[in-house]
Amino acid sequence: MISTRRFAAAAVLIGAAIPAMTCARAAEPYRIGYLVDASGPMQGIFKTGLDGFKLYMDQVNAAGGIHGRPVAIDVRDVQIDPGKSASSAQELASNGAIAIAGLSLSSTHMPVYNAMARLKVPVITGFPVNLSVILPPKPKAGVYGVGAVVEILGSVAGKMARQTSPEGKRFACTVFESPGGIIACDHAVAAAKAAGFSSAEKILFPVTQRDFRPIAEKIAQSNPDVLLTIFGRGRTLTFFPAIAEAGYRGKILSAETGTGDDELREAAKAAPGIDIYSYSRYVSGGQGEGPQVEALEKAAHQAGIPEVLAFHSGGWIMGAVIADALTRCEQPCDPVRLDAALANTRIDGGGLTREPIVFTPTDHFGPSSYELYHYDRARDQVVSTGHVEKASSQLQ
Amino acid sequence: MNVSLLVSILASASVYAALATAVVLVYRANRVLVFHLAELGVLASYLMVTLSGEAGWSLPASFLAALAVALAVSVLVHVLVDHWGRPFGHFVGTVLTIAVGGILMGLIGMIWSGRTVRMILAEGRTDVFGEPISTNTLVVMGLCCLATVAVHLVVNRSRLGISMRAVANSASLARHRGIQVSRVLLVVWLLSGALGTIAGIGMASLSAVAMEGAVIGVSAIVAAILGGLTSLGGAIIGSILLAFGEQMVIVYVDPRYSQVVPILVLFTILVIRPSGLSGRTESVVRV
Amino acid sequence: MSTVEYVTRDLSVNYGKVAAVHGLSFEVPAGGALGIVGHNGAGKSSTLLALAGAVASEGTVRGHPCRSSARMDPGTRAGTARAGRPDEGISLALVPEREKVFGLLSVHENLLAVNAAPRPGMVGIDDVYGFFPRLAERRDTIAGNLSGGEQQMLAIGAALLQQPDILLADEPTLGLAVPVIEMVCERLAHIRRALGLTLIVALAETSWVSRLADRAFVLDCGERISGYIDASDGMREQLERYLSGESRDPSPAGAHPLRSVADPRSNGEAAHA
Amino acid sequence: MRTVLSRPLSTAGPHPPAGEARPPSRGAAQGDRAGRRETGALARRLAIGLAAIAAVGLLPTQGLYWLALGNQSAIAAISAMGLTVLVGTAGLLSLGQAAFLAIGGFTAALLVIHMGFGFLGAMAAGGVVAGLAGALVAAATARTVGIYLAVGTLALQYVVEIVLSDVEVQLTSGMGFQMPVAQVLGVELTSEEDWWYFLCLMTFLVWFVLRAIVRGQPGRTWVCMKENATVAGSLGIPVRRARMAAFALSSLVAGAVGVVHGFYMGTVQITNYSLHLSIVYLTIAVLGRLGSIGGAIWAAAVITVLPQALNGFMRALGFDLIAFGAGLEDVVLGLILAMILLEAPRRLWARIRPGRPA
């Protein structure tokens, strides 16, 4: 049976934790909860997004905060674990967070949305992957997204593939096995067929796959003209050399869900003979021009970040959206009022993205635009091809 | 079945063989199934890539440093399993290695926090039967095969190997024959640590230095069990079968089922012939 | 005959609360052969294990398992030996009762798997093949496939390679056919003569005691219940009488004072601390 | 009294050294000590009962976050109790407990969404299907024991993960099944507080039922089977059937709690039931002193609260925790599992108070 001494020891342990948890209630700043994968397999994407978000909020706080109150960011590392995401979101909400931002892999989104729906706390999902629950006609209450809805990401890929290979016949899409990835690939395959590709196939692999040699063999054998890769950071680095070694000499279109120009360049150098394109909703590395681009470049330079990636831009824009909503929020601002403010947002991308960010009560995503880039081997530079694909939030 | 696929299968098989040999070596000596070797290999590959990358050490130097750390960890595991864990039986020893695996992954997560890095041992390409194969794959294959063959020679030919097999046969009789059983066990753990390191670094340079590299640990145990868990030769046969099956499924069926192959094969083996393909009938209690 | 004797004084072996051997004392002259006869569970194996210093970790050994009289102080016949362990200089080799050989290794590998300190006049593997020519023929067969007699020979050979002063044999005749036992006894006698080896042999039944040992005593429930019985025609009857419990000598010198002779059963109870 | 932990995990290991006999019992001295021990146990049971009732009542006042933690530890406690029966009493190590939760969860999801089952109906169905799966696994791995069985259940975990993720991708294109609000006898479980009272009731019921079973005839056959399967067989115990019963009971509990977990999270998806979860449940069962069903309850509370307490504590110290926390949790979990296995606490305790024999 349980000996009383051991039970007492456990109670003391729990008791010790209580004071540490509730000390944050007294502070007066706006508390924003942020869920991130900082030490899991997708850390390169989501942690970079958090850095961009912090850059923006530091700038806001430096300028005196919002209505005189600073914005505090409570960060929780949830890796890609749905259970941990939901419980951390609940913890942040009960600690006074009036909104939850960020989120990691698409498989963790629904549990967080359900948990926050119970508490009526709004959730703003960051770049790159968003689920289609935020699209019109009936978006999920209190859930918004500034990333790329996977359905739209996929269908845009079909059109971009035609752009990169006007007379290509065979199209293939390869992605790791996650809800967002699978939906994106399905829509890409459909859009490719619509754009005139005669054959289009989908190749999935486990999330933990790191050894891509056999998969590269499989793709090289079917030898598509255009290969769409929807990868996270780190996978591109090992996939490109493997597919080059397997003898593939077609075109690779990398969906900007996780590569980042620095990694794209390094992977491209290790894969000679392959023509590499990429496309993204947000500009990176000083590609675009506009007030927000310069502000982000300057802030990143001061913070010692060597190169601005699309995720920094995504995090920066999310900061702008939340700051704008906090400013318009009816005082004293609480989650419900913040949700009302978020439901009619309109802010200009400032050069980071062509289309403005628009949220309405019936559309929590708004229009989006995607720019096609090409890796120029001579200048070792990822350069814009100038082709922009506009997409409304109405799914065809 | 072109050359590059064949080379890819052989490379994976050589990594699995190194790891499976380590699993069999330890299991024979003290009936403990080790679950921590892959995590040890990932730790070694992170150490090596950090030293040879940021710290600018040469590849051999950083390899030796990583090997030294891995051997130190192996000594700790030996003390944990063979000395403190002994009164609780070999079963608790097995669960201890699961705990050690968890601790190693935690440490790697804290220090390198899940970064994915590429580590190439040798640049360039060489022609194999007319088809360009990356030298790196050949170097990894060579390294792992060399390590596995060396251990096989030590165990089957040298005096140390004979006392290892004696301890594996019966520790009490070995003590009567004047063999220092705990020293022999230490050597077994060191050899398995070295093999785990080489396999870990090999797989890391074939794919990438990442925390997910630890998934080959289960495949190695499956390969060892395929071979009967008690014979070193069986471990090699098991590794080749496993690598061949896995990669055939990826290329010709569906990459998503690549992790199912080793597990399904293991399941059927366990049901039909619990002692595996070769090797002596393990002391499996007929229920 | 050299006067050096190997002395065991007041030896007791406990596994937790159970006393397997209690207050046992005996001597064996160097080069001689002593038989320890007793039923199963009488503590024969525990005695040999204690002499060889190989009692399992759960057991505790007290008293002096094996001391050489040459090194002892002649006056008090006691000496500065470490309690519970055989003297430093004496080398003992044990031929175990059940698990005799490494079944998975070949005959030659079994002989190689011996780790012994180098000593003058070393017994080499060739000497063992000399003593047991049959082993030389079966050199590469897996020990598990050998016959009972061959395994016994291999076990004795491996023990010899440990350069022992005293060879301890635990039931060497167990489970062997009569002609095989004849051969084992003849070989052991030949080896003792050739190497001047001292032999202590534990036996559960009396038929071969006179062939293997110069003299013997009877052990019952961890205690010595007989004086030395020399190898002679009447040895078997005398031993049988002790074994059947008909006769019983008061325990010889060095017996434990507390224990009353009359009731042997009380030894476990009173002695427990 | 021989500590249960030092025996259960070792399968048909080496028998105690030959000749060990049971020491004779001592007369009157022991009699009154047993009496004292009897009342001591009663007092202890009463104290624990009171503490439990106080916890159930008090926790809702502590605020939402602690309620959520309480709910999660209750769910973990129930599945760990199921595992304690399997590993502690029957000595069958399973690394696949999360797989049975998944089977239960998915069965319920299919029934609720496509056939309109209610919450309790789905829970029963999920439990039964998982129980059948457990019995099937026991039958399939009948000829294996110890480590081979562990690796067999590991195989099950992988196979279930692959197959069910296929089901999830096909039916919900990867978004998981969105579960409706749970309804128990007309009462809707919407807020954390409703869930807390339901989960406490379920934990008590499962604890009560499992304890009765383990103390009854099935429990005794399992203990015999654990000590030595061959001897148990020779005593006429139908070892194969007892083994299947142990697996069936443990996975029935796991299936039922898998359904509850699905409704509580609002989404049933395969990533909720990972191998990591199985190892956490094993750690809870081992921490809760295998064989003591109640032990799993407070152990589940400790293992669920510990990571949050650890993070809170580190944050209080001002560590930048973002990339640091997850790794630290794994290290602490691994250390706890190792320490319990080596019975470090008991051996340490004995060394501090040398009076009591270890």
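So that you can tell them apart, the chains are marked A, B, C and D in the order they are listed, and the count of residues begins at 1 in each.
Going forward, a residue touches a chain if its C-beta (ideal position, glycine included) is under 8 Å from a C-beta of that chain, and two chains touch if they have at least 3 such contacts.
The structure presented is a predicted model; accordingly, all values stated were derived computationally and were not measured.
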Shortest path length from chain A to chain C (each step joins two touching chains):
2
Could you let me know which interface, B-C or B-D, is made of more C-beta pairs in contact?
B-D
What whole-Å value do you get for the distance between chain B and chain D if each is reduced to the mean of its CA atoms?
31
Chain B and chain C, separation of their C-alpha mean positions in angstrom:
45
Compute the distance, rounded to whole Å, between the mean C-alpha positions of chain A and chain B.
37
Please output the residue numbers of chain C that touch at least 2 other chains, ranges allowed.
56
Two or more other chains are touched by the chain D residues 323-324, 326-327
Shared-contact residues (touching 2 or more other chains) in chain A:
38-40, 43, 79, 177
Can you list the residues on chain A that touch chain B in the complex?
38-41, 43-44, 79, 177, 203-206, 208-215, 217-218, 221, 233-235, 237-238, 241, 245-247, 266, 270
Which residues, counting only chain C, touch chain B once they are in their complex?
52, 54, 56, 94, 96, 99-105, 109, 112-116, 158, 162
Listed in rising order, chain A residues that touch chain D in their complex are 1-4, 7, 10-11, 13-14, 16-18, 20-23, 36, 38-40, 43, 47, 50, 75, 77, 79-83, 86-87, 90-91, 93-95, 106-108, 110-111, 114-115, 118-119, 131, 177-183, 186
So in the complex, which bits of chain D are touching chain B?
6, 9-13, 93, 140-148, 150-152, 154-156, 158-159, 162, 166, 229-230, 233, 239-240, 243, 279, 282, 286, 323-324, 326-335, 337-338, 341-343
Chain D-facing residues of chain B, complex
33, 80, 84-85, 87-92, 94-96, 98-103, 105-111, 113-114, 218, 221-222, 225, 256-257, 259-260, 263-264, 266-267, 270-271, 274, 284-287
